[in-house]
Amino acid sequence: MSRSLISISDLTDAEIEKILDLSKVFAEVNSREIPKVPALKGKTVATLFFENSTRTRLSFELAASRLSADVITFSVAGSSVAKGESLRDTAETIESLGADLIVMRHPSSGSVKLVSEWLRVPMVNAGDGAFQHPTQGLLDAVTLIEHFKSENNLNGVRIGIIGDVIHSRVARSNIQLMSRLGAEVVLVGPPAFLPSDISAWPVKVSYSLDEVLPELDVLYLLRIQSERFSDAVLPSLADFSSSYLLSRDRLKRARKDAVVMHPGPVIRGVEIAHEIVDSERSLIRRQVENGVPVRMAVLYWLLAANEGKLDPAW
Amino acid sequence: MSRSLISISDLTDAEIEKILDLSKVFAEVNSREIPKVPALKGKTVATLFFENSTRTRLSFELAASRLSADVITFSVAGSSVAKGESLRDTAETIESLGADLIVMRHPSSGSVKLVSEWLRVPMVNAGDGAFQHPTQGLLDAVTLIEHFKSENNLNGVRIGIIGDVIHSRVARSNIQLMSRLGAEVVLVGPPAFLPSDISAWPVKVSYSLDEVLPELDVLYLLRIQSERFSDAVLPSLADFSSSYLLSRDRLKRARKDAVVMHPGPVIRGVEIAHEIVDSERSLIRRQVENGVPVRMAVLYWLLAANEGKLDPAW
Amino acid sequence: MSRSLISISDLTDAEIEKILDLSKVFAEVNSREIPKVPALKGKTVATLFFENSTRTRLSFELAASRLSADVITFSVAGSSVAKGESLRDTAETIESLGADLIVMRHPSSGSVKLVSEWLRVPMVNAGDGAFQHPTQGLLDAVTLIEHFKSENNLNGVRIGIIGDVIHSRVARSNIQLMSRLGAEVVLVGPPAFLPSDISAWPVKVSYSLDEVLPELDVLYLLRIQSERFSDAVLPSLADFSSSYLLSRDRLKRARKDAVVMHPGPVIRGVEIAHEIVDSERSLIRRQVENGVPVRMAVLYWLLAANEGKLDPAW
């Protein structure tokens, strides 16, 4: 068992800083005419996704490829998983084939941690149930640090995380990371979408978006994870939208410099009004763009950084 | 928004000539022991197919790879499209991930044009509904120019485009391109499969294959696009076949040097007799072979040609 | 039509020895910091799988990639096969696109042989119905030769092939190869799972695992291919398991140095007890690990070895 990235809480403050710094290095690489470095030449990165997510998978695969690693995609549909193979045997097979690192997504919280204990190679959690999605947290932090032109911190930034918090792994990773970087986090949503006991969380809570709106620097809308709850939890989507949808009117009552974020995929008109997605206030496309250098940083950090290979010639 | 290839009508005569010339250059590259050039090193080509077509997708992906570009395949099944993401957000996400060019296929006519107006990167239309499939037209032209050993023209060649013209994007691209290259085009099929008003099209029309057969140099059979019409349109496939199937007997009544083409996939016995597909009269395999250099030419033309990068050292 | 690897019986003894030797060369390559050689640079290897098998497909694709070949994956789901294209036209299309070698899996015995007769490029049978899976046989032989530290032979080794022999292509390839390498092969299973006439096979047969257990050096458990027989064949899985499952108790009655093999995917508790899979007696992970160098050897042997390209500089 190697060092893996399962949760933001696995990272020391120094490691977070290291990844944020590496991410800047690789953002520069990405801006080149030939956006490639031989940093992981000869390494094989495998993706193992038990939930559909083309955007996250492609972001990791592009990151691996720009580091000159080889990529193998284990597609669960049509694999021996369908023949009854266990999670452990599937993961061990990928390791035995020669993968040097496995990026895994799975609908069960804790599953990536469990698998990482069976394997010798490092793993990256690309989302496990409602638990964690650490690279999403990191790319969101990079996007905000870039926006606020700050030095690897978010001191004093007030971030509202709005909507379906309880079912969101993105929320869990972001709450931990943003608060450690100095931000004040407010969770906003109806009671059914908020954790019942937040005493251990470094956050405030509000049931009213309209009330907290004037104080927020960042409006982070979450996707409603309707695949993770029964219909009874949220009787009416229209009710939700009337109180929590980020409409054009509502955005007018926010701070003039407040920015809008969303982890994607965006379902326009449910969590966020159509025209806001593409507006100047939106950092949504920048979040996607930052995904590749952040994942390059994480892959490099896990596979090569301790070998001291950040070649100045790159 | 960049220059894209959506329709044959986007191309000037000089641009068509340029692509035909580049295609010859890349055909030579393909015949080498190591059929690769570093022409698009560092570029990322994405394929985004909303209709199944492994052959066309692989042809584009091989073309990109032989130009040393990286390839990302956005597979719609199992993507966030299933979660309700809009076409616009899907395409913008692929662009934000870092794609330098997007090759798209979609069942709706006009959809690729629409998406290209939202994006900054060039696009190639790999087939949109019944509208256009320009690289198929180009590879068919290359195949005929090669067959007739002509100089980038098809002057005086009589081409019959036979069968389900009305639902065929291949027919639309070929009619435009072949007639601009100097060919005479005759559309042949039952009334239900022919456009009702062809006054704007540079073609003749015939309902009888047997009648026009002795005058044709090229017999271009189309696939019956049964997924694009209701059963009522064509009461009987047997009736169609008796009049329009290219049988062995019918081929005997054609010109001795007439050649047979089909865009594939071929369903033997419906549009064309089994043994003709593999005969010396058939250019069908040559069409597939020419697909790769033609797509190399198009990708290179859109991504690099105006940077003057056709290195003589290749 | 080129030389292909369809069945173990295609290979002369000298060719088997050549592949075993090449496999050792490529195992050394795989152990390097950068496990790649330019042996097949510029070649394109296509995989064409009509049955699900991510592990075998990835093993071939990794092998091709470590030889610096390009890989194209023809995925049958979502291809023109669904539009009614024939097996022949699908295979010829892949060849026309530019594949230099096709790795094919198909549920019908004999199908890969048939296709190889239509094509000009070499093929590798990655499993056809209940007929053959030659690279599995070769990687199993490599695993045993490595275990017994022998010189490309298995002289005197007693191998029990246990379970669903009749439906197993792995069994057929292994019986041929192991006995040619000098091993004594015993087939063990209930009558419904054994061939009715084995007079032409170089094997012994037993209906009782417990009876032959003390004499076996290798316990090779097969997967029950329930997709290949009707329920009537095997009335009760529980009955099967009580007599043929390799349980912990049963393993205690085997020779102290007997080893356990399985072609995967393992369904723990049906053919083999959970804890044995990961025990020191198990060669199962080693089988998977050896798959990549063995397939590198086969691809290299078919595409390059007769050109005398085994460069000592690698």
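Order of writing sets the labels: A, B and C. Residues in every chain begin at 1.
What we mean here is this: contacts are C-beta pairs under 8 Å (C-beta built on N, C-alpha and C of every residue); 3 or more make two chains touch, one makes a residue touch a chain.
Being a predicted model, the structure only gives us computed values, none of them experimental.
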| item | value |
| --- | --- |
| Angle (degrees, nearest 5) of the CA superposition of chain A onto chain C | 120 |
| Fraction-based call for chain B against chain A, same above half, different below | different |
| Chain A-chain B separation of Cα centroids, rounded to whole Å | 40 |
| Residues of chain B engaged with two or more neighbouring chains | none |
| Chain B contact footprint on chain C (complex, rising order) | 41-42, 44, 70, 72, 74-75, 78-80, 82-86, 89-90, 92-94, 96-98 |
| In the complex with chain B, residue positions of chain A that touch it | 30, 32-36, 52-55, 58-59, 61-62, 65, 77, 223, 264-268, 277, 285-286, 288-289, 291-292 |
